[in-house]
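I have placed the structure first, in the form of structure tokens, so that the comments after it can refer back to it.
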């Protein structure tokens, strides 16, 4: 069953076309990898889905669980946001408000959509923090973002995104700012939780390796368009488009003999 | 307008210091004859009460002085502020500490009171240069602080490291690599500080420690207009509005320069 | 020698404005109304500071005006507008004193029932102690007469070290005898000065006495915030029946100090709220003249006062080229007195001075030896060998008024080729600077108010060459003529007051031939009173300020 | 933290000491003799000597400075014997012209300056920050442009011009307000308010412009921060996003600027007080300068500097309290 | 022949200050006893995660930072304490390429000025056409000389940075994360370019990156850093085939491979916990807090870099590879992560 259906999405900032006729769809509980190099329009797409684009001209259709988002009024989209579709950003430090304890920020997300007492919300926060692997969750909930390491901050962001058990998580380069070993931890965590909650994920990344390990389906973007899309194994094993092929070849890999020269576009 | 002062006064044939007893009414305390502060063809902006001096001539000569003093003060403050700010921001360490403390110190002065005190005990030499010196002395830390911050940010940029790796001397880095990147902010800060100096100079003259009479200055004119504001409002409005417009103009220009960057 | 009284009038610059309104030119108006409630709060709005209230140090007209509320003296000026105020009447004493021994011994008897603020009677010993205090080097501001005239005064150093002055005798509590070293015909006038006020020995507080002098008058100090406000309340022990001068009408007098002169003018013009119960302490400013004179309702509230102050420009004859009489005369011809008067407020500020002695002083002669004549000034300069003009430096106080007068002098002398550079001197240091021979320049904006109506405390003070001193000098023209000096001694020895007055008049004419000073203004004063104020008039002894001792409120609101 | 506070206070005291020394020096290297200025009109050589003795001017300058500084902490006595004047702690000098210890003058003037400063501060915070927030939220709108134009105008207004125009219009022409006078808040609240209104407006016009611009710039900056995007992504109402997430980071730097400005104003609004004739600390300074009452100028300078310097310390601490990153230290 | 660069026991400590009080609250040891040699013509790779001290090491080698301890010999000379003036001629032979292609170019200078700066700062003058030749050599056109940095793409800007480093024909170029700010396709170009230039100019590189793939592509020998120390150093193929240090193994295991079949099938060591703070490093082995094989000894004794196989040195009490002749006793292999089923 299709959860998210983007049809002919076009986004431009003034004269600049960021997304130029992009279409894709995502089933419930599945992971869609949106890959491409910087400037290909993948992040703009994620913000467009969330309704967080400012100062942009948008056209096309974004269907979420049978509801068209682009044409809906802002309040309706706002109510969906955080509740049924949540987002994880690239840089967890700047994405958390430095002035409030992380527990408060998670509780705030929860209480924006559910009527609960502070106490109940606190309990949920502690449970979520515990769930994403933050030790001493009770105490750490009172700490401020700058008191956490990069990986821990991203765990906080995941807790915040998952606390309302959304149907869709948009993860925009969730591990780019992290080291590989931490990236592995976070990807593993996301994977576990996703399976547990049955959440669909729109994974936006430039890292083909991450996509290969995580996504069910892949959309390769270039210049605001989808160059190629397909099931992950099929796409990696037999890329149809020259762009995809070259992109794959350009990655220096550790599992193959070292080539004399890398393939370039 | 400031440069045109001699021209304008030549054109109207009015001297800023000549008394015109015929334009005022001594029986009414020297109130200008005629409405609107004695505005007439001969005196387009009226005359000064009690003396009958031509207001236009005094305003334009006052502009000349105000602008000259504030521009020179800006130049002085910008030069000191840029050099010391660069050194402090780039060098760091004890130079930063010494310069930083100096800036803290100067910014902790109740500068207006202190400037007045300084001017009031100052020897009766060249008041204009004294004003420039005093304004510059207390003005540079504000520019210095901004330059320091920017220089610090730039000092961490990789192109500075690149220059060091290439064997550039400290001086070359400061003046060839860092300074050109600061011209923008310095220009904006300098432009925005001009109106401050104009206003402060006028303020000092207003409080009676600025330039010496009979040299006209806006602050002095406004100060002497204070007692007259009820009887002859035109007399304080004219220099006041000139001052406002000039200050505003510099602020607008500075603002626009800031937006451009 | 000190002549303080003139100074305040000069300092306040533009404020020196006087009558000239419809109420009758030279003669002062009668006090407004007569009835006054013995109640209410009178407000006094002053743009100046009170200098010293300690009677030993009180020697400026503004402080003397306030002092008259707080302490009484052996004699005092009559409470009357116009020249009548110059008359000296008994105060603590029963009469104007009895001279004996050719006016070398003066005896006064105190009235009965006069009391201090704590109810104790005022005795002759208190007066003696008050006078002795003025000899203390700690209190140098007072006039020099006691030191000059009392026997032993030249070596006496005041009572603070426990020593008394033998030439003041107190045979009983009500009698006081002064033994002088020379005949002084007007000693009875001299004892009207504050330093002949009683001070109880046990209230001695050194310099701190200045902030809280002990009251013998109708009011005592309740609160004094220097440079801001002084609040006086009724002294319950003052008995009106012993005092022919003071009325003691309001319950309370609040004097606001250091206000902006323009603000005072505008507040008085508006006259709202408690300002209806206010009087203005200083003359209205030039800028307010037009508003007042063109508004009949305001004119009604305008009070004018006489003054015996003469303003002049001192020419430093010890400096070249002012040592040449022709140069000095050229300045006298070139000076635009009208412009100088205009920057001070125009006709309301006073009459243009043509001679040394003002009309209010006996001996005045109607003459104008140097009418304005720029051509003649130029010619005289050329004759003196300065056809291309001369450069002079003018000492002027760094006040708005000082600047304005300086510019007027600069502009008018400039017409004759006399280029004047203004040297601004901070107002507090002005008199000590121009009184310092090494710091004084060519021209000084100067002036003098005699201590009482008469030339005897005026002409010798400023023009006797033997009084030229290095510091604290008052002969700022550095004028030293053997002939004139000799004549001063002759006149001082005269016992006939009328003859002496005439002689001073003639001498003044003689002096002006040398033009050591150029008189330009004989002051007058005009000030506004609130609508509820009554009994206000300008007193000649206080350069035309309101006589605070008689002002009252129509109704106590 | 306590060590830090003590250190900061020590540094503040050091700055004040240097300011004090500089001001002190300036007066004593000035061409005019301070004794001559204090001497007044009846100035005889003996009198000058006496003043020198009483004010301690006959000792070397460093010694005079030392006794001045000692006097601040321990009080001192000027002169000896009958001329002795007690100047108790904290002695900021003795005004020979008024016969009063300088600190007494300052204490009697502070309420007026404080009334002006605090009232104006409230006004400009409300107007300036309010206008700035609205302008930032409606960036580019006519409101934004009008408000920012007005702000620029406000910044450009010389205070004496504003003051005179206000006084001319409100008092002379329309007669809606009385001339300002020094009335205590407790004595006569209505009169106090009426007297203070114009000084407040005149000062606030200047500062509100600055604060509006500052607020706008800061808020626009904060609104583009990632955490604001996060707050929106949570589905918070825009009002909550602005109020809770954007305003606090915006106001933190403003609070510090505000502390400095208020500190400077408490030390006397010289021009404002002079023009409106209100006897605050600034007016005291202006009067002292006019009459060259050097001990008062020195005292006011030090007093005003103390406000600025200590405002600096307070502001730094406040910043630490407001910003958890500083309060808790870096991880 | 002496090695081109010999660093011996390099230490770099920074004082840490409280953000408000500026009081020194501790010391951060960014580099903690690093010894490295670079032979002529070779490329030494330095890998590790952020905060491991690799960039600090680069700055020490190029004398952009003053070492707290240790010595640096370059081309036979001790440059550890050389003054700026003495160092200046040495700098011709010791150049650097930076991470951020834009930040490393002065935005106010034209390319022409940027590329003549090396000459100017050395008191030289570029010969006519030399700048154009440089540009051509890094794959840009001569007319680019008149442009300003912001008119270029990231890859082009990095080429300018490379041209600047090569202008004076240095012997050693320290490349500090030269490709990490670039997209994969551009990254490949730059890596190829660096390799081409190495041959042409007979360069030695110190190549710093966190991306193991890129390091593997260009380096002959690789040193792995963790918390300021080198934990393992070996020839490229040896390192990738037989990682001996548990950290190296974990690092290799964490690199995602862009092939779903391999990626999903391979066992993976997921390290637990975070990088300890360099201000407060653990006792003994710096890696023991996250090491799946940690034993009591690790907390007590700091392992030193010991040579097992020839040229393969590792600082571990319990290395993984038996070929290094060390015991596997007590070592716990992390269980493989359950492989994901095919969709």
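Some observations on this one:
As written, the chains take the letters A, B, C, D and E, and residue 1 is the first residue of each chain.
As a working rule, contacts are C-beta pairs under 8 Å (C-beta built on N, C-alpha and C of every residue); 3 or more make two chains touch, one makes a residue touch a chain.
Keep in mind the model is a prediction, meaning the values are calculated, not measured.
Separation of chain A from chain C in touch steps, taking the shortest path, is 2.
Here A-D and B-D were compared by C-beta pairs in contact; the pair with more is B-D.
Set against the Cα centre of chain E, the chain with the most distant centre is C.
Think of the whole protein's Cα atoms as having one middle point; the chain whose own Cα middle lies nearest to it is D. Note: centroid distance chain C to chain D, computed from Cα atoms, is 40 Å. The distance from the centre of chain B to the centre of chain E, each centre being the mean of the chain's C-alpha atoms, comes to 54 Å. Between chain A and chain E, the centres computed from C-alpha atoms are 31 Å apart.
Chain geometry summary: the mean Cα position of chain A and that of chain B are 55 Å apart. Looking at chain B, one finds that residues 120, 208, 223, 226, 229-230 touch two or more other chains. For chain A, the set of residues touching two or more other chains reads 149.
Contact annotation for chain pairs lists A-D, A-E, B-C, B-D, B-E, C-D, D-E, with touch applied as defined. Per the touch definition, chain A reaches chain E in the complex via residues 37-38, 149, 151-152, 179-185, 187-188, 191, 206-213, 216, 231-233, 236-237, 246-248, 250-255, 258-259, 261-265. Those residues of chain D that touch chain B in the complex are listed here as 15-16, 18-19, 23, 26-27, 30-32, 152-153, 155-161, 164-165, 167-168, 172, 264, 267-268, 270-271, 274-275, 282, 285-286, 289-290, 292, 297, 300-301, 304-305, 308-309, 312. Those residues of chain E that touch chain D in the complex are listed here as 16, 18-21, 23, 25, 277.
Residues 2, 4, 7, 49, 51-52, 59, 136-138, 140-142, 160, 204, 206-208, 210-211, 225-229, 256, 258-260, 263, 266-267, 270, 272-273, 398-399, 426-429, 431-433, 435-436, 469-472 of chain C touch chain D in their complex. Against chain B, in their complex, chain E makes its touches with residues 59, 62, 64, 84, 87-89, 91-92, 94-96, 98-100, 103-109, 117-118, 121-122, 161, 164.
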